[in-house]
Amino acid sequence: MAQGRFLNELLTTLTRRYATRIRPGEATPGLQAASLLEQCQALLASDSEVANLAQARNALTTYDLLTEPDRRAFFQGLAERFAPDANAIAEAYQRYAENPDGSNAQALNRASRSPRQELLRRLNTPPGHTYALVRMRADLQRFARDAPELEAVDADFIDLFRSWFNRGFLVMQRIDWNTPASVLEKIIAYEAVHTIQSWDDLRRRIAPADRRCFGFFHPATGDEPLIFVQVALTRGLPQQIQPILGADNPDASALENAETADTATFFSISNCQSGLRGISFGNFLIKQVVEELRQELPNLKHFVTLSPIPGFAQWVQERAVEENPPLDEHEQRAAELLREEDLPGVLSEHEKELHKPLLRLVARYLVKEKNGAGLPVNPVSRFHLGNGAEVHRINWMADTSDNGLRQSHGLMVNYLYRLEDIERNHEGFATTGKVACSREIQKLLRQSKTVTPA
Amino acid sequence: MAQGRFLNELLTTLTRRYATRIRPGEATPGLQAASLLEQCQALLASDSEVANLAQARNALTTYDLLTEPDRRAFFQGLAERFAPDANAIAEAYQRYAENPDGSNAQALNRASRSPRQELLRRLNTPPGHTYALVRMRADLQRFARDAPELEAVDADFIDLFRSWFNRGFLVMQRIDWNTPASVLEKIIAYEAVHTIQSWDDLRRRIAPADRRCFGFFHPATGDEPLIFVQVALTRGLPQQIQPILGADNPDASALENAETADTATFFSISNCQSGLRGISFGNFLIKQVVEELRQELPNLKHFVTLSPIPGFAQWVQERAVEENPPLDEHEQRAAELLREEDLPGVLSEHEKELHKPLLRLVARYLVKEKNGAGLPVNPVSRFHLGNGAEVHRINWMADTSDNGLRQSHGLMVNYLYRLEDIERNHEGFATTGKVACSREIQKLLRQSKTVTPA
Amino acid sequence: MAQGRFLNELLTTLTRRYATRIRPGEATPGLQAASLLEQCQALLASDSEVANLAQARNALTTYDLLTEPDRRAFFQGLAERFAPDANAIAEAYQRYAENPDGSNAQALNRASRSPRQELLRRLNTPPGHTYALVRMRADLQRFARDAPELEAVDADFIDLFRSWFNRGFLVMQRIDWNTPASVLEKIIAYEAVHTIQSWDDLRRRIAPADRRCFGFFHPATGDEPLIFVQVALTRGLPQQIQPILGADNPDASALENAETADTATFFSISNCQSGLRGISFGNFLIKQVVEELRQELPNLKHFVTLSPIPGFAQWVQERAVEENPPLDEHEQRAAELLREEDLPGVLSEHEKELHKPLLRLVARYLVKEKNGAGLPVNPVSRFHLGNGAEVHRINWMADTSDNGLRQSHGLMVNYLYRLEDIERNHEGFATTGKVACSREIQKLLRQSKTVTPA
Amino acid sequence: MAQGRFLNELLTTLTRRYATRIRPGEATPGLQAASLLEQCQALLASDSEVANLAQARNALTTYDLLTEPDRRAFFQGLAERFAPDANAIAEAYQRYAENPDGSNAQALNRASRSPRQELLRRLNTPPGHTYALVRMRADLQRFARDAPELEAVDADFIDLFRSWFNRGFLVMQRIDWNTPASVLEKIIAYEAVHTIQSWDDLRRRIAPADRRCFGFFHPATGDEPLIFVQVALTRGLPQQIQPILGADNPDASALENAETADTATFFSISNCQSGLRGISFGNFLIKQVVEELRQELPNLKHFVTLSPIPGFAQWVQERAVEENPPLDEHEQRAAELLREEDLPGVLSEHEKELHKPLLRLVARYLVKEKNGAGLPVNPVSRFHLGNGAEVHRINWMADTSDNGLRQSHGLMVNYLYRLEDIERNHEGFATTGKVACSREIQKLLRQSKTVTPA
């Protein structure tokens, strides 16, 4: 507790600096990629760390003023010009080949390192620049989609970001109705699973006694969330998302007192910074939220998700026209019915016909359908299974929003984090791709005639 | 201002974690280096980031329990076993030699990278580990003195520390009488220039209205200072250190109101973490303190040091017996006199004889005496000149402590930071080794018959 | 700065306590006023301060559960039962009459004090109770409107609140977009002058660089604002409220950089707690905001309001039918025109006819129309004049909202706080009721034929 | 938790203000009591609250500059001149006598109130003045000792302080090694029971894992402690103070892990502000510390003190020469022996002879020896019994310091706070003066032949 006093002061200082973020308009406009590349070379050439501060500041101001084509040209320049010295590499390799010891390996490693890494490090020197570099990489990723030569540049960003955003530097924060509005409006903007419609909607998500929201932050990027997760505290595993979102319940809260809950349901997890793609936070966040909640609410017994199944509806239709392995006749019939426009109508009218086949199909989709790497094609499934959860239960008419009906015919899945199994589940998944399932899911899989047993 | 509210919360969290630092005694004792190396290999082999947390925690606990010989053996193991794969290097080089583009350079760079870097990154995952790794490197440096094969390991530490302790992540904090005692006792312990004798002595250094102390801290190492500097606010450039240290003045403070000062004198700067040797903070700290003070006290006109001259007395004696270039006869006489035991006696009795020769010798020592790299042999001089200061004035009987008399016959020097000259001074020093001097110093140098003009 | 570290901790503690505010439902329902009065008597009778804590907590829980009629009955009971002891008063007076010294006066003072004061003090003992008592007085005021016997009870509340909410205990806070949402929603609710329509509307009021909002808070009532004021930074004195409110300007902000402003316009000031009526905060708040803004923005030259004129339209109509002093013919004509329903139409169609008479009437209304105490009838005018401002300028079509047209035919007034005149203006107003006016207003008054010169 | 964010900001502001405390030297020196009394009258006469701020500031500055005799004269003036209006009192009484209702009682109450109360309230208006007024009362108390006419003035201070320092406004803070040095040096200065010798001594008291220290603070007096208590966590009830103080144990700490303790021993409680004499804090503090510790350390079973017995040795000697009731022969002999200078020698040499008689005498002294009000003469005993503790055990050679030997022949007492008995103990003590005792103490009392049974 007490150590906090001093550290609080630290942050007061951290804070002040964000005020000095680069303001567009301070540098002469009309500058071009070439000029910025020159600035970067000058920054690398200078050996005065103090002078670097101003050079780095100017460089990022220039970058801010570049047009889209100029930015692309700048990254191209980064890819082309900042190559390591070929002669130095050849010499270093020669020495290593003669005597392959640690020192010579290291010398070769240094010789082959692109000067871009040092450049990025220097660009990061002034306070407040870390976030600017995260946004810069977000630009880069856009360009890299159709320019594979930019991948080497991206790899340098990743290398540094893995150091800078090391788990040890992240700070988990609870986000609630006492959080500053400036942070909350980012939560509204970044929520990626179940859109937050308004401030009232947000209030329903974070203010009630049976809701929790936690995010990771980094001291150098201040109040920019990196990732956040929303949790509902319930009695029993929830089967539907709409009551949790409070669409039909202005108060949204079912429990007056969080201490009576036995289940914590993770119902939304959103990455906030596309510039940090490839740096994983989600697994750490879920782990720490579980620890935090167990400490706060010792009565909690179950940690579970209520997750969407993006891609399921599309997969059903694709499967329906493929030959091998074919859908059985009930499943075929279901696929046909679901080509109708009026999904709510179809689902309620034909519930009897659709219910079982669809559940079987979901089970198969989540558990059996693998990508090239032998892992589930469904990304949400891949994430939670990789964290050690099991596919636990499939819920009928669980998300009746337009989006929910369209992407997964209203179905949602509970992934269950059983604390005593997490390690084993993770291990099995990581080494052999084994997907942990509840008996219920296993039963659904067995009923799927077209599936070969696991 | 307001952003601070949210960030303050960040730190409350940061804080709590320091409580969970590894406690010795929790791991089974008697473990050996070999076992720790195995733990490290297992940590590298595992692909579960969440599992890594526990593995990293255990590994550092084990390290804490190792005896000194076991630690040395552990670092030897790090140097020997974590070599990159020689075949992979050869292949990567082959591809690069055929097509030396950015991608292939990067592939070679990765192939030649020691797995130690990834190991250190993973060891840093649990909150609170960063400082443990800093202390680990402090151990390593001790062993590396007589074991050059450990240098490659040290280089990996440096690489990571340069990323983690990037200037952009440091936070400057004022240290004063309202600082927690737990931080202040570290200031007492780390002060390296003018020993702090007691809490009362500390109070004299930081509490008076005309004293300032600032340090750099890092969010991940909490309340451990990395470096700090002490400042006295004065009217005019100070000539003596004892009045500033308050040895003869219980209150120490000369000015009741800091706003009447025209000069800020840096009289002590101490690096705190030997494990961070090679990561430079001092130049940034001085720069930021100057900015902070100019903002707080717009009346300040001069930024100057009152610096010790370690090594000067020894140099005089060595010079006196060397032939070329010889000391002149007055200087020889001075060197002889100063071989006496009773230095205070000699200095007061022979002041007339000693004063001018000694001043000439100091000027020569600071400005002309270079090391192999063509830079001044005196490290304090090298630091301030490298930051863009000039050698401004030499002060007679400026440090009359035992240590001051012994190391520099009581002489001290003011290095002056003239804001408009800093850039040019630094530039000249960095490119040609040119030492910026005041007219007074230049005159002293001209009077030194045995010195060839600059 | 540094002292803040420790005090921050204070508040962490203050904070935790608000979590423990009384929750309805914890006490047995159906309790009645009589029971609560008994609890209060027991609380007064007990001499264990520690036992008082629980008694006070129970009493306020009981109060929370009372129905409206029971609350009224409770206050009636407070008025009747907690009378001081008549015999004790008689005796104390006797002694005082014989020897009217300080001690005897004090003894009489104590004898005549209602035990309610001690009761309220004891009710305030548990943390978090202060705000509960403020709300209790808000109830009391409602009942007291038609129950003059409750005034003595109210007077006891006022006596204590004047001590507890002494200026020295208030803390001014800036309110901006980094303020917690839980505080901001109260700002939306409490704004009394120009309704805040939505969170977007709020953002326009507090987020732009040229807006400021400050409030007074009290450590014991936590994040409940007591009063707040909104400020627009402008170049020149503003003439219209709609551009400031941003109704026609999604961004609302006119100045990108607050430092280019020369004028700070107070355009809304709202008291938040009806339970604190009679405890004045507004004058202190304006004074401190002026100081804060002058420190932050040394370029500011003018401190002015853009104020509504509630009651003006009604006064015009009342005046129009009165005989003495009569309106002149133009003014009569204006009054007739303004009886129309379609005020915007009338005002634009007959602007020429209406402009001058209305301006004259406003000047007269604000400056000459006094209440029984010889002070202006208009409460806004009374407030700012009492603080030392002058009636500076009347603005045509300054508030074109429905409410603005209805209450003052779209007119608004600038009260000017000229720092060098404030003391003299206040003095004149306080001693002789003299109203400070600009030359422009004085000219308008002279043009009003029906007004006798001041 | 989250509400803390906003409140933290509150305190940053509270803090800044302490910087502006009155500095001596700003007012013209040589001012006298008469002048200050005039300033006070002017402050009362003015009706501008804003003007009052400056007047109050000037008045307190003047007070700071007064010499001791002038201060005394000033208080005399306060006593004489600020009497309520005798005619107004007479009239108000007349009305009350005719119709003794609540309103008239209140009117009489107001008429008889000294204007000093309003004066003190106005003096408190500027931020930071509360503490100045506390120190002012400390002066007043000094003078009042031999000037009974000042008591009425003191009563006005008490009245206000009881409102301002209401329990609901106090904040409990843990004090430990992370507390700012500026607060800790006050702890060293204010410790009243077992002198803190040095910073190292302080560290032993508050830093070890098995020590706790808590204090009450008030938002308006910032980092000035009002009262604090020191706690040792032990296994079993402690019998000696020296091991706790660590005099013979550089580390002082006996338990490495506070969670293994079953007993919390309060071994020192110190009031800090003589200016707040008469406002009780200790009972609330002990209660809240008990609550805090039970929450933090659920294993704690016993809450006990290890308390000095000031006055005991003196009482023994006085008793020895009194006739009625006489000491028995063993007790007489003990009293004689203890007149020796060499107390340690006597106690060890004659332990056998002294042990039983002394224990009996202590029991009698603490339990039976009453003051005029029928309460124990020993103030420490009175305090803890009043809080509901029982006299639990007397410890031989428990305080072997000079002071301990001199005041109580090395004996100390444990008062035990048995949670389930506190209310009943307090009740009995408060209503009938009944002293709660353990069986052990009761037995000692029965053995005392000269005591009549309770």
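Letters A, B, C and D mark the chains in the order given here, with residues in each chain numbered from 1 onward.
In this text, a residue touches a chain if its C-beta (ideal position, glycine included) is under 8 Å from a C-beta of that chain, and two chains touch if they have at least 3 such contacts.
Keep in mind that what you see is a predicted model, and the values were worked out from it rather than measured.
To fit its Cα atoms onto chain D, chain C must turn through 180 degrees, a value rounded to the nearest 5. Among the remaining chains, D is positioned farthest from chain A, on the basis of C-alpha centroids. Comparing contact pairs by residue number, the interface of A-C is reproduced by B-D among B-D, A-B or C-D, since over half of the pairs coincide. The distance from the centre of chain C to the centre of chain D, each centre being the mean of the chain's C-alpha atoms, comes to 40 Å. The mean-CA centres of chain A and chain D are about 57 angstrom from one another, to the nearest whole unit. Rounded to whole angstrom units, the spacing between the C-alpha centres of chain B and chain D is 49. Residues of chain D found to touch two or more other chains are 1-6, 8-9, 12, 177-180, 182, 223. Only residues 2, 4-6, 8-9, 12, 177-182, 184, 198-199, 203, 223 of chain C touch chain A when the two sit together in their complex.
Taken together, the chain A residues at the contact with chain B in this complex read 1-16, 18-19, 47-51, 53, 79-80, 83-84, 86, 89-90, 93, 96-97, 100-103, 105-106, 108-109, 112-114, 121, 124-130, 149, 151-153, 155-156, 160, 162-164, 166-169, 171-173, 179-180, 182-183, 217, 219-220, 222-223, 280, 283-284, 287, 387-388, 422-423, 426-427, 430.
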